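Working notes for the structure below.
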Amino acid sequence: MPALRAYRALLDRAIEEDVGTGDATSLAIFSADHRSAARIEARQPLVACGLPLAAEVFDAIDPGLSVGIETAEGEAVEPGRVLLRVDGATRSLLTAERTALNFLGRLCGIASFTRRFVDAVAGTRARIVDTRKTLPGWRVLDKYAVATGGGTNHRFGLYDAVLIKDNHVAAAGGVGAAVKAAREGSASHLSIQVEVESLEDARIAADAGADLLLLDNRTPPELQEIVEALGGRIPLEASGGIDLTNVAAVAATGVDRISIGALTHSAPAADVALEIELGAVPGR
Amino acid sequence: MPALRAYRALLDRAIEEDVGTGDATSLAIFSADHRSAARIEARQPLVACGLPLAAEVFDAIDPGLSVGIETAEGEAVEPGRVLLRVDGATRSLLTAERTALNFLGRLCGIASFTRRFVDAVAGTRARIVDTRKTLPGWRVLDKYAVATGGGTNHRFGLYDAVLIKDNHVAAAGGVGAAVKAAREGSASHLSIQVEVESLEDARIAADAGADLLLLDNRTPPELQEIVEALGGRIPLEASGGIDLTNVAAVAATGVDRISIGALTHSAPAADVALEIELGAVPGR
Amino acid sequence: MPALRAYRALLDRAIEEDVGTGDATSLAIFSADHRSAARIEARQPLVACGLPLAAEVFDAIDPGLSVGIETAEGEAVEPGRVLLRVDGATRSLLTAERTALNFLGRLCGIASFTRRFVDAVAGTRARIVDTRKTLPGWRVLDKYAVATGGGTNHRFGLYDAVLIKDNHVAAAGGVGAAVKAAREGSASHLSIQVEVESLEDARIAADAGADLLLLDNRTPPELQEIVEALGGRIPLEASGGIDLTNVAAVAATGVDRISIGALTHSAPAADVALEIELGAVPGR
Amino acid sequence: MPALRAYRALLDRAIEEDVGTGDATSLAIFSADHRSAARIEARQPLVACGLPLAAEVFDAIDPGLSVGIETAEGEAVEPGRVLLRVDGATRSLLTAERTALNFLGRLCGIASFTRRFVDAVAGTRARIVDTRKTLPGWRVLDKYAVATGGGTNHRFGLYDAVLIKDNHVAAAGGVGAAVKAAREGSASHLSIQVEVESLEDARIAADAGADLLLLDNRTPPELQEIVEALGGRIPLEASGGIDLTNVAAVAATGVDRISIGALTHSAPAADVALEIELGAVPGR
Amino acid sequence: MPALRAYRALLDRAIEEDVGTGDATSLAIFSADHRSAARIEARQPLVACGLPLAAEVFDAIDPGLSVGIETAEGEAVEPGRVLLRVDGATRSLLTAERTALNFLGRLCGIASFTRRFVDAVAGTRARIVDTRKTLPGWRVLDKYAVATGGGTNHRFGLYDAVLIKDNHVAAAGGVGAAVKAAREGSASHLSIQVEVESLEDARIAADAGADLLLLDNRTPPELQEIVEALGGRIPLEASGGIDLTNVAAVAATGVDRISIGALTHSAPAADVALEIELGAVPGR
Amino acid sequence: MPALRAYRALLDRAIEEDVGTGDATSLAIFSADHRSAARIEARQPLVACGLPLAAEVFDAIDPGLSVGIETAEGEAVEPGRVLLRVDGATRSLLTAERTALNFLGRLCGIASFTRRFVDAVAGTRARIVDTRKTLPGWRVLDKYAVATGGGTNHRFGLYDAVLIKDNHVAAAGGVGAAVKAAREGSASHLSIQVEVESLEDARIAADAGADLLLLDNRTPPELQEIVEALGGRIPLEASGGIDLTNVAAVAATGVDRISIGALTHSAPAADVALEIELGAVPGR
């Protein structure tokens, strides 16, 4: 888990965006000493992710709130499940509500969306892998949510793995030359991944010492041909146009990894809500 | 348009997340003086949004790049349309690619998703309105994208409008009392919006001086009944469970506004891509 | 109230500016275990504002300090009134003193200055309203202080209301055309305010659907003429050259709002001071 | 002069506060290609300060604007004097206006207020000195404005000079002991200043090796007595309750320095305004 | 290369630390229009690193300066070699000098220190590898400097590789169990490195599927024994107590990698200096 | 001592750099509820510095950890001495380890290196003084470490003292003219230090009213000549090429101050380590 308390700057910014000079509505309706008990609940089946960050939101709004996390990171829960309980000043609860939910909506959303892909390929050798298509400012949080959902993190950025794509191949004068250039240069210690367009190129790349082959926009039969030729010799990763309707078919070809940009760029927000019992602060 | 150059901190962070110690692949393949021409293209019908920010990404990576924006903010374009052209050092183009696309994917994604709703209600009086369900750190950018897509921005935060919901009504002892409390308190100069559960409450709220009524999770017939009773007297906003399959039916009831959280929390990323012509730097 | 704990970045910066490598004087004079009791007192009649932020300063300097807020935000107090008590290590108390007072000086200063205007117009219908003439970096805090003093916040920025001024009128070709352009464009859902130079323009603006008229640099008789002609039909806001010597006369004309830039750009700091009882830590 | 371009974070924050999703009014009225010429003018006699920072604001809003600074930092100007000229897109000019003026209002305000004190003591040996009563986040800018106005900067923080006050004296067991503790401890290389309550204490402090004596809340006759006794032997600084009505009398006593918190905590904003000639972009 | 322009926040902070209210000395001596030509020179044999960042410092201080980089990143130069030329206002040159040199001192320092180790093991199979012992805030820049010096970057943080140390082994119940736990858990896709204390444990780790063995604080004979037993089968990395006096002996054992914390935590600063020719601005 | 808790931004950044998505190794090996006791120990003789900051690292990673500082800032300790004890979740201890040690390595490193110089000149009148050759982003922390080691801080930046160097002398037309320009200009209240190349210039500078003379790159005999001529009349500071082998000889000449850039730009990191007793949480 990331050290979520170290994301204070993002959290403070999120609070400032939403709260500004204050929650005008709650200030008008509730007295300063009105207290309530609240809980954040799942409204859909989801994978819990980011609860410690949501807890920090409440603490930042009002350190007098009492917060308890009720669900473990990565746990799959049913609708109605309580994720977090918090009680204290009603004004503070309502002021923090949307910011906490916005964090959870994205993080549980990515984790849950990832889990659906993971479940869809259960029983195959395929892992579900993310990409660099994360939201600016959210790279680590997005990738944490993918991992929490059971996915596997691809490279973190341009710096920690080589990924040779079509332009690199064209410039180098072929797949073999591109792999060779990477193997002999300053990045030689990194994992070298190569996007290949044909079985022939796949063989050349594997022979040249690539660590992983990326097969982009291939049909399942095309994938299967390459798996049969090279499977077990070098890991194979499928990508491009893969969604929940076809991921099982892709996995059935025997590829090792399936990378999906939508995990982080298009996961729908998870439906989570704060329920409040006005005036009810148990055990106080 | 926001002053996008003022978002340098977010932009720098995004670059740092992705680039780290450098683009290991491009450094291995391309020489420092290899130059190319590139263009960012739409791969789907979309509404252009955020191009000045994408241009800033290229400039931040390498001020020697030459960048030209080819499409106006808010313009609806077809697949294949060039949004932005940039040429210069190939290493720099490839280093900036993903960060620029990640910004555009979200901003064009929200603008395009919004436009689909706007188009779906064309010919009715209904505006498409956003919510506070934006991404932490992205409130202004997300709302800008909604407006670029033709949507209308709801309140910016808890501070600039009153929105009385069920808990406020319960605590105040009824809709009328809640509106009265808001009208007489420190927020009296703000727009006062009230979520109502019945036609009777709607009447009470309107009589009490509310500026707008929020009708959450109502069926079209229920909405229509309230429109017939109160339409024209006070603006009515429908929300809850509205998507592209039913938004036209909701609009047909005659409501003034339809607010949709998914515009910002679940818009799929727009499909944009950088195409590069290696070695081709025109007119130099 | 803003979520003052979310202003950690500003607070940390303020501390760093003042403390640097440490309080050289107190380190030379007091031993690390010397403890005292201190209180922050009003030295003039003032309106309390920002005490939770001052408390955070002490906590950030030394979490071992014990801090208690003694006065509610917005409360008007007499000289000698204790606003906040804090006790613990003397070195820490003295290290935090100036930063805490600098925050309070500005926030209590604005709130108190605002209150004087509010009191001066008591019994009239006029509200005292702020402007965008806030200090860079302090927009939210400055506006919070105005509201704490009993004032009303004007728009938060260029984005959340339309304010048509002379240049806009000139470019649009008249007041009516300017209002029409705003009403039909992308900002049509915002409040539309118009600065008018004559009764005739005021009528045109009201007829065109403006939500509020701004009457800049008008004499009380001029204001009164417009109030008599349009009062009750559209809210009227006076501005320009209004200070404590003439605000009552302006309010007596019957205008609805009086906006005053000096509330935030020229409020004198409130006189607050930290008194310390060396060695006296009660009840420990 | 500070490296004003290094204050990008404050500048970006100021822009974001004011501009948000954009200048709704100007976007509704002006087309994107409408261009104008603008100038920032003094509306009162003032001392120019912060013009390079105001120029940065325009550049950050729109790098296509052409900006020229017309007045040197520290120059005293009459009403009507042009401080800065800028021309380009009218929307950009109006979007940047308030942020640029807010910076100038404070910085010219402090410089001008300082200059009034400096002028009031002309012909005496007294320098006008600032304090640590600056605005959180603005220590360097505030002190720069004081220096620009002709004032002298006191210590920058708690770290770069020793200032022994009443509590330190009490704890140390007397002025002499306090000075001795400072002279022998880790801060011995710093300038040691001592607040003294009597002529006797002043003598003791000077004998003990203090570098400067602070005479707080003394009447001119009291000051004069100490000047006569110690003047020339050790610099003497008067403070407390000094304003434009009495500063000349204080200076006439022969003190070396007069420190005034109001320079930075209560300087009224300078009156500066942006004048615009619609459609007039000279020489293009 | 990192996108050095994206490090504006660190650069602005460095400038603010050093410049504050301005370069008091140069302001007193040089007129605003005095111009000079300057060059940054190596004062010792060094490896150039960070010149684009130094160039940014001059640009941030004064965009009117003309800066030219004269030496490629990673190039080894002799004393007297010009790294960067800059000319323009003398005040600006002197104001920027120290900040630019402080960046270069560290970055060239690390690159040069690394190069000495790289040169010392030339002809062996050993790479020189860094650690996570970087300076807080400088992880990417420090690792970039190592790579520029010819070294190889180890993992970037705790997140992108598994490194099993003694405590992990003890808790897991042995080397084999620890590797197995890593291989089967959520980090199974990461490189798994194991610190081993004996040849037997080395064999167990290799058999269990470790990707790399870390041999900490071993003598060359001990290293050699393990190289002879396992070399070629699994990469071997030596660490602990290795400096320029013994690195060649360690490399001679045949290990694949030698990791050295001192590269980033104790590299001496490179000696670089700015030479200035007063009044000499060539070709203007 | 600086207000170390106010350095949250640097601390959060350091944590984010190292932890990213989490400590993959510890997450694989230790269960969430495994607890241990740990201590940070000196591995070499060192001067303790920065322990409160290290404690903050553990708190930021996991507020459930219990941290106790065992050694006072500035205390010289022997190898084996415990500096800090912390116990709680084993995962948290290991996640925080490297970041905490990286802070301590630098701060104890600078303090310890400084102390060696201080000890080497014991019995002379010479103080050991730092320079502005600090690490970007670390000015205050670096100078705090020097002071903790017993050194004396030189000016904090370009703003708080005048230091006339060769270029200033050349431009002013001689040492005397340069001092005069500084004495009469805006910086006249600052300490004026002058770098002199000869005894004659030293006399001129002293006569002109300089506060301190800087003698750069002088041999001990040259220094002694100047000390004999001017010692006692004006403080003398030696600098340039001074290390532990020659500092005593320099001090023996009778100079008042010896400034050494290496204190902050080249201090080797102190050797500190975290020792952990798995499963051992005493007294719980």
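Read from first to last, the chains carry the letters A, B, C, D, E and F; within each, the first residue is number 1.
Heads up, the rule we're going with is that contacts are C-beta pairs under 8 Å (C-beta built on N, C-alpha and C of every residue); 3 or more make two chains touch, one makes a residue touch a chain.
All values reported here derive from a predicted model rather than from experimental measurement.
A.B. asks: Which pair wins on C-beta contacts, B-C or A-C?
C.D. replies: By number of C-beta pairs in contact, A-C is the larger.
A.B. asks: Distance-wise, how many Å sit between the C-alpha centres of chain B and chain F, to the nearest whole number?
C.D. replies: Measuring from centre to centre gives 49 Å for this pair.
A.B. asks: Determine the centre-to-centre distance between chain A and chain B, using the mean Cα coordinates as centres, and give it in whole Å.
C.D. replies: 21
A.B. asks: Taking the mean of the CA coordinates per chain, how far is chain B from chain D in Å?
C.D. replies: 42
A.B. asks: Find every residue in chain F that makes contact with two or more other chains and list them.
C.D. replies: Expected reply: 8-9, 11, 19-22, 27, 95, 140, 147, 153, 156, 159-160, 186.
A.B. asks: Following the definition at the start, I'd like every touching pair of chains, please.
C.D. replies: Inter-chain contacts occur between A-B, A-C, A-E, A-F, B-C, B-D, B-E, C-D, C-F, D-E, D-F, E-F.
A.B. asks: Would you pull the chain B residues touching chain A in the complex into a rising list?
C.D. replies: The contact residues of chain B facing chain A are 10-11, 13-14, 17-30, 34, 90, 94-95, 98-99, 101-103, 105-106, 109, 132-140, 156-165, 167-168, 170-172, 178, 181-182, 185-187, 190, 261-262, 265-266, 268-269, 276, 278.
A.B. asks: Can you list the chain F residues touching chain C in their complex?
C.D. replies: My answer: residues 1-3, 5-9, 140, 143-144, 147, 153, 156.
A.B. asks: Quick one: in the complex, what on chain A touches chain E?
C.D. replies: Counting only chain A, the residues touching chain E are 127, 147, 152-153, 156, 159-160, 186, 189.
A.B. asks: For a test of understanding, state which residues of chain F touch chain A in their complex under the given definition.
C.D. replies: Listed in rising order, the residues are 8-9, 11-12, 15-16, 19-22, 27, 60-63, 95.
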